[in-house]
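Please go over the structures that come below.
Each of the next two complexes has subunit A plus one other chain: subunit B in the first, subunit C in the second.
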Partner chain A sequence: MQDQVALILRTLVFIIIAILLCAVIFQIAGFSAPLMLQSVVDGAFLRQGALPQALRWGIPLFITAAGVALSFRVGFFNIGAQGQFYMGAIFAAVAAELMRGAPAPIVVPLCLLSGMLGGALWALWPGLLRVRSGTDEVITTMMGNFIAGLILVWITSGPLKDPSGSGQQASSRPLEAAYRLSTSTGISPIIIGIAVLVGVVMWLLVNRTAFGVLAGLSGRNGTMVAWQGARIDRLGLWSFAISGALAGLAGTIEFMGPNGRIASGFLPTHGFTAILIALVANLSVIGTAFVALFFGGLASAALYLPVMAGLPAAAIDIINAAIALFITAKSATLERLFKLRRAAR
Partner chain B sequence: MIDLIISILRSGTPLVYVTLAGVIAQRAGVWNLGLEGLMIIGACATVLGIIVTGNFYVAMAIAMLLCMLASALLWFVIDRLKANPIIAGLGLTGLGIGGTALAVQAIYGSLSAVNAPIGVPRIGPLFGPFAPLSIFVLALPFVVFGMWVLLRRTRFGLRLAAAGEHPFAARSVGVNPSRMRLVALLAGGVLAAIGGAELAAGSLNLFAQNMTSGRGFMAFAAVIFGAGHPIGATLAAFFFSVVSALGIRAQLSFGDALPHDLLQALPYVATVFGVWLSGKLRGGLRAAGGGFGELRDN
Partner chain C sequence: MAAHALACRAIGVTYGSLKALDDVSVAFAPGQIHAVVGQNGAGKTTFARVVAGLVAPSSGSVEVSGNSVLPGNVAASRAQGVELVHQSFALPPSFTVAEALEFGFTGKGALYSRPQLLRRWQSHLAALDVSVAPSARIRDLPVEAQQGVEIARALVTDAKILILDEPTAVLSPTGIEALFQRVRRLKAQGVTILLILHKIREVLAVADTVTVLRGGKLVAGPLPVADVTAPLLATLIVGEAVAGASGDVAAALGAGEISHTAHRGLDSRPKVADLNALSTRPDPEGPALAEASLAIRAGEIVGVAGVEGNGQRTLVRALAGLVETTAGTQHLAGVGSEKLTLAERRRLGLRIIPFERNVEGLSLTSSLWENWVARQLVEGKLLSFIAPRRIREACDRALRAWSVRYETSTQRAGSLSGGNAQKVILAREVDDDAKLIIAAQPTRGLDIGATAFVWQSLRAAAARGSGVLVISSDLDELFDISDRIVVMLSGRIVAEFTAPFDLGAVGAAMTGAR
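Moving on, here comes the complex of A and B:
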């Protein structure tokens, strides 16, 4: 318990340091830092209807982050959530296109499954390269992000192109209303149900199964787990597949829920934010849910800032990046402070 | 043929400078994923600096200074606060991309591209058809060779490698590994600033939001592909730009018959192939997990 409290305190201290750094950057760039931070907090948490917005953005982030946390737990640095998210949305969109006109109870589950399959496949090739040839997964998953982004550009401006679309951003034809998981609000019983299901299944998987225990151990000491006779490569492949499938599921939800179509380059920072959420939550499933709500609020503030406060949305990217810079930090000084407090008790 | 070579030199040169920044960090034992962020800071600062001061050299100095400052921040977080270098590097990249977008919007009120009246000095008519290339292209062979000498043939280079490969041994002979990492990252900041300046002001003289579009990560991949050797990594970086130039060439000759968005993915596919190959040749990482156990410390 003591350790948990110390951990949360440490995380908070570094988030505050990160926000101070952002304040300095805002000020240097010529914005008023207090005004900027005030508007961010307003947009994220205080204004009317902030909570539904935080949920709308937080749910897909939570689903992706739960997968990222699993692969980090196993000790594989899958930073390809963005690409897996895109491939999920692409597979779901292609499936929906192929089944156009079929009854919704058949189409919807098949689209969800195909989205998860797309994400899982896009995670499996770096996973296979890693466990079979020792190819570094940081680079392969990152390149996978770029490649998936280009496949998305190609598919939205080619095979799935919406001929009536005119804007600068190519997008697919809109999904038929019958197949949508939600309206553009992004919240509906089915989406919340999926999120809860993902949370429960991932919590059970991590905390109540042999797989979860081995996953945690292999992340800390892979050699030992291998010597105990566990198949690390299989464990690794499963973790890649599950994290990819969840990112793909999040992409599918964005496509079938709030967006109703896929557009080239949509939500380009989803994967990075999900990685951040997993790390801020210290890879715990329950923590991920709460932290996702926080970052979901920030994501909704990115839409609020330019419209309501006339401030650039890049402010949110900067806050996220600064948190990333500091979130894995360990400070000896802080550590000593916590130890002193513990000794005083 | 000559314009193909010119286009390869143009796209390859920024990549090589940033790759060298990655090489020197790699020698000191730092996986620098902040290269993308440093490069875009260098690009933005050069263009804005030229607009404000009207002088390329002053702008270049400002860009180098800013990139060194960002590198020092990365060093502080990785070395002093023991943060995970990969996540911290990605954070620095995000700060660079977001910060430059913010700066452009703060100054110009919009996110459109910013044009500079002048760019990097060009090498001039003495070189015939290569005249429009920038002086950084001309300097490249010397910089690469100098880097090779510095890293492989000097006392400093050996100490740097020792600090990177075996910090404990380095410490035992009086080398401070932490200071070596700082020096390597600061030098990398200068090189990445040149790479960014060359990208923004080497031919087009403009800065656009997110204009590095993954080149910093490609440079990082070139470092791995080239096994951290200055010449090997340079060749890897040029290999990537040859692939990308050929992709553009194919697009020009075949037009819409080929999906050009997918051709743009060629350098990324080549990177995956390169990293896979270099792993194959040198044994790769161990198959077991681990290595990132420090992410979970309770």
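Moving on, here comes the complex of A and C:
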């Protein structure tokens, strides 16, 4: 328990340092750091309607990150959440197109399932490549992102093209209102229900099943689990399928919820932010929920920054990157500081 | 008084709160063979490393032939003629013998020609009577030849003091005898030799003096070997309190006569494992199994002897189903098992204490309860629900029953000592449903107390009706514990012995000299 508290405190310290570092950089670059900090905090959490906005961005991130965390736990590194997110949205969009006109109670569940299937399939082939021929799954899932991005371009400018669309960004025809999970606010009982369901199921899977314990063991020492007789390949493939399905589900929610259509290159950093969330949360399911909410807040602040601080929205991406750097590098000096503190206690 | 070849004054080495060496002052006369003995963890290897300049002592000084040596500086020690042959060999496996020798030699010239290189080291090897081709790759050499090259490497420069750290641990009895002859020849050439040893029998056979370390402290020495007896040495090594408590202590120390277990008429018991002319694909860690036939009966302890790397690991993998078999049959608890997965074999009662305790046996960064429960989880359904609290309680009960010293079942396995870690593995692998227990190097690196505990546990398991297969490179261990011993050579089972065992005959079988 004490260790967990220490871990959370340490993570918070890293995040604060990353944000302060960005503030310094922006100050040097000629922006006002205090104003930037204030508008990040305001935009993310304090202003009117900040929480629903944080939830709107945080929920899909949480769903994707919960899956990524599972795959990392098993030691199968799924870097392809972005591609699986796209494939989920594409599968759902195609399903919706094929069933156009059918009653919503049939179409909506089938679209959700189809989106999860799309994400799972897009995770499964790199998983199979690793299991069958030892291909590095980090490379293949990463390449999968690019391929999925290109498929999305093709789908939105070809088969599913909205003929009335005139913008530079190709997109599909809008989903019929009856099939939408939410309005453009991105919040609805169904979406929140799905997020809660994902949270509960994933928590049970990780903490209350044999699969969860063996997955954690095999991520830390696969050789030992193999000598116990567990099939690491099977654990890894399942974790890939589940994490792909969840990323696909998040893509489906974006499509059927706030967006109502798929556009080429939409939310291009979703999957990478989800990976960051999983790492910041130290791969814990509950941690992922809180961290996703935090990053959801940052994402909503991105829309608020240009207005308030005159900063480009990309400033949030820079903050994200700084956090990623600190979390993954785990500064040796700070580590030592924490060790000393623990020794002193 | 004659000048000392090597004198250590008040040497202390601390690792964190652990005192690896504590105020050790000892001096060795030149031109003799000096044995340094002690249990695992007594500080023998640390002592050797301090003398060789690999470890900087936190206090004290080292003098070679009356000249004080800069502490913790390998180059300074080598300049004084001190050379160390490591316990786990340190030659680059991809080098040829000649390259490896040249590597340790700061000779003249920047340009090389291969023939010249080979010629130069050919004569060096010949002078030391190491029969190895200079063009052979290190990794292709058998262990005994590798050790010969290690020694040749140490003698490239004009070594005055040669330290050998546990050189006998990897050798067959014949190899040990050859090593001793080589050491005696070097002594005749005037080299002072420090042998770090583990076995009393070997000390008495080769050394002129013996020095005993216990818990990092100097207990005695250097004593002339003529003045000591095996029981006296055993007492010095383990301390008054433990000595004489058990025959296992004497066996673990290799003190003189080896105790024999009488063969207990097991022929009528059912076979728990039966390999019939089993061949496998080659394993990354050793030769393929070649037509190995072996039966283990319930209640029987079968020892597998052999120089390391002769297919012992493949045998364990074959029994575990982790290597593909190409011919032959195997039965486990009466069931044809060639096609079974390891999980299915474990359900039939297969238990494995693997070779590498910290890699194959435990996940050091995972909690004790996860490590302990892993086997049961693998045997059950993947999606079955678990109750972590109840598992932790059961784990606590099991670890207490196995007298593991630990604080909480949520602590990491890596925080335990070697002996306690092995007990966690025993607690997981030795249960009433165990039909065949494979114990691979079950006592490697353990102190006497933990070693005796492991042996007693395996005997108790056999008495309850499990068949036990012990793989060990320690013949004293095998002789003490086994009802029957088979010998492996190049992936084949080449000989079988029943108690009482004959060291000469087993040793000859290990090297194929029959």
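Heads up, the rule we're going with is that the second predicted complex is superposed on the first by the 323 of 345 C-alpha atoms of A that agree within 3 Å, B and C clash if a C-alpha of one lies under 4 Å from a C-alpha of the other, contacts with A are read in each partner's own complex, and residues count from 1 in each chain.
FYI, a residue touches a chain if its C-beta (ideal position, glycine included) is under 8 Å from a C-beta of that chain, and two chains touch if they have at least 3 such contacts.
On a predicted model such as this, the values are computed, not experimentally measured, just so you know.
**Q** According to the stated criteria, A:S164 is in contact with first (subunit B), second (subunit C), both, or neither; which is it?
**A** It touches nothing on subunit B or subunit C.
**Q** Going by the touch definition up top, name the partner, subunit B or subunit C, that contacts more of subunit A.
**A** Larger number of subunit A residues touched: B.
**Q** Is A:N207 touching the first partner subunit B, the second partner subunit C, both, or neither of them?
**A** second
**Q** After lining up the shared chain so the two structures overlap, which partner does A:N221 touch, if you call subunit B first and subunit C second: first, second, both or neither?
**A** Both partners, subunit B and subunit C.
**Q** Under the stated touch criterion, which partner chain does A:Q48 make contact with: subunit B (first), subunit C (second), both, or neither?
**A** A:Q48: touches no partner chain.
**Q** Give one of first, second, both or neither to describe whether A:R231 is in contact with subunit B, with subunit C, with both, or with none.
**A** A:R231 sits against subunit C, while subunit B stays out of touch.
**Q** Enumerate the residues of subunit A that count as touching subunit B in its complex and touching subunit C in the other.
**A** 216, 220-221, 223, 225-226
**Q** Considering the complex alone, what residue numbers of subunit A touch subunit B?
**A** Touch list, subunit A to subunit B: 3-4, 7, 25-26, 29-31, 72-77, 79, 129-131, 133-136, 138-140, 142-144, 146-147, 150-151, 153-154, 157-158, 216, 218-223, 225-226, 232-233, 235-236, 272, 275, 279, 282-283, 312, 314-315, 317-318, 320-331.
**Q** Name, in rising order, each residue of subunit A that touches subunit C in their complex.
**A** Within the complex, subunit A touches subunit C at residues 204, 207-211, 213-214, 216-217, 220-221, 223-231, 234.
**Q** Spell out the part of subunit B that touches subunit A in their complex, as residue ranges.
**A** Listed in rising order, the residues are 31, 33, 73-74, 77, 80-84, 86-88, 90-95, 97-99, 101-103, 105-107, 111, 214, 217, 220-221, 224, 259, 261-262, 264-265, 268-269, 271-272, 275-276, 279-280, 283-298.
**Q** In the complex, go through subunit C and note every residue touching subunit A.
**A** My answer: residues 320, 322, 341-346, 352, 354, 356, 359-366, 370-371, 373-375, 377-388.
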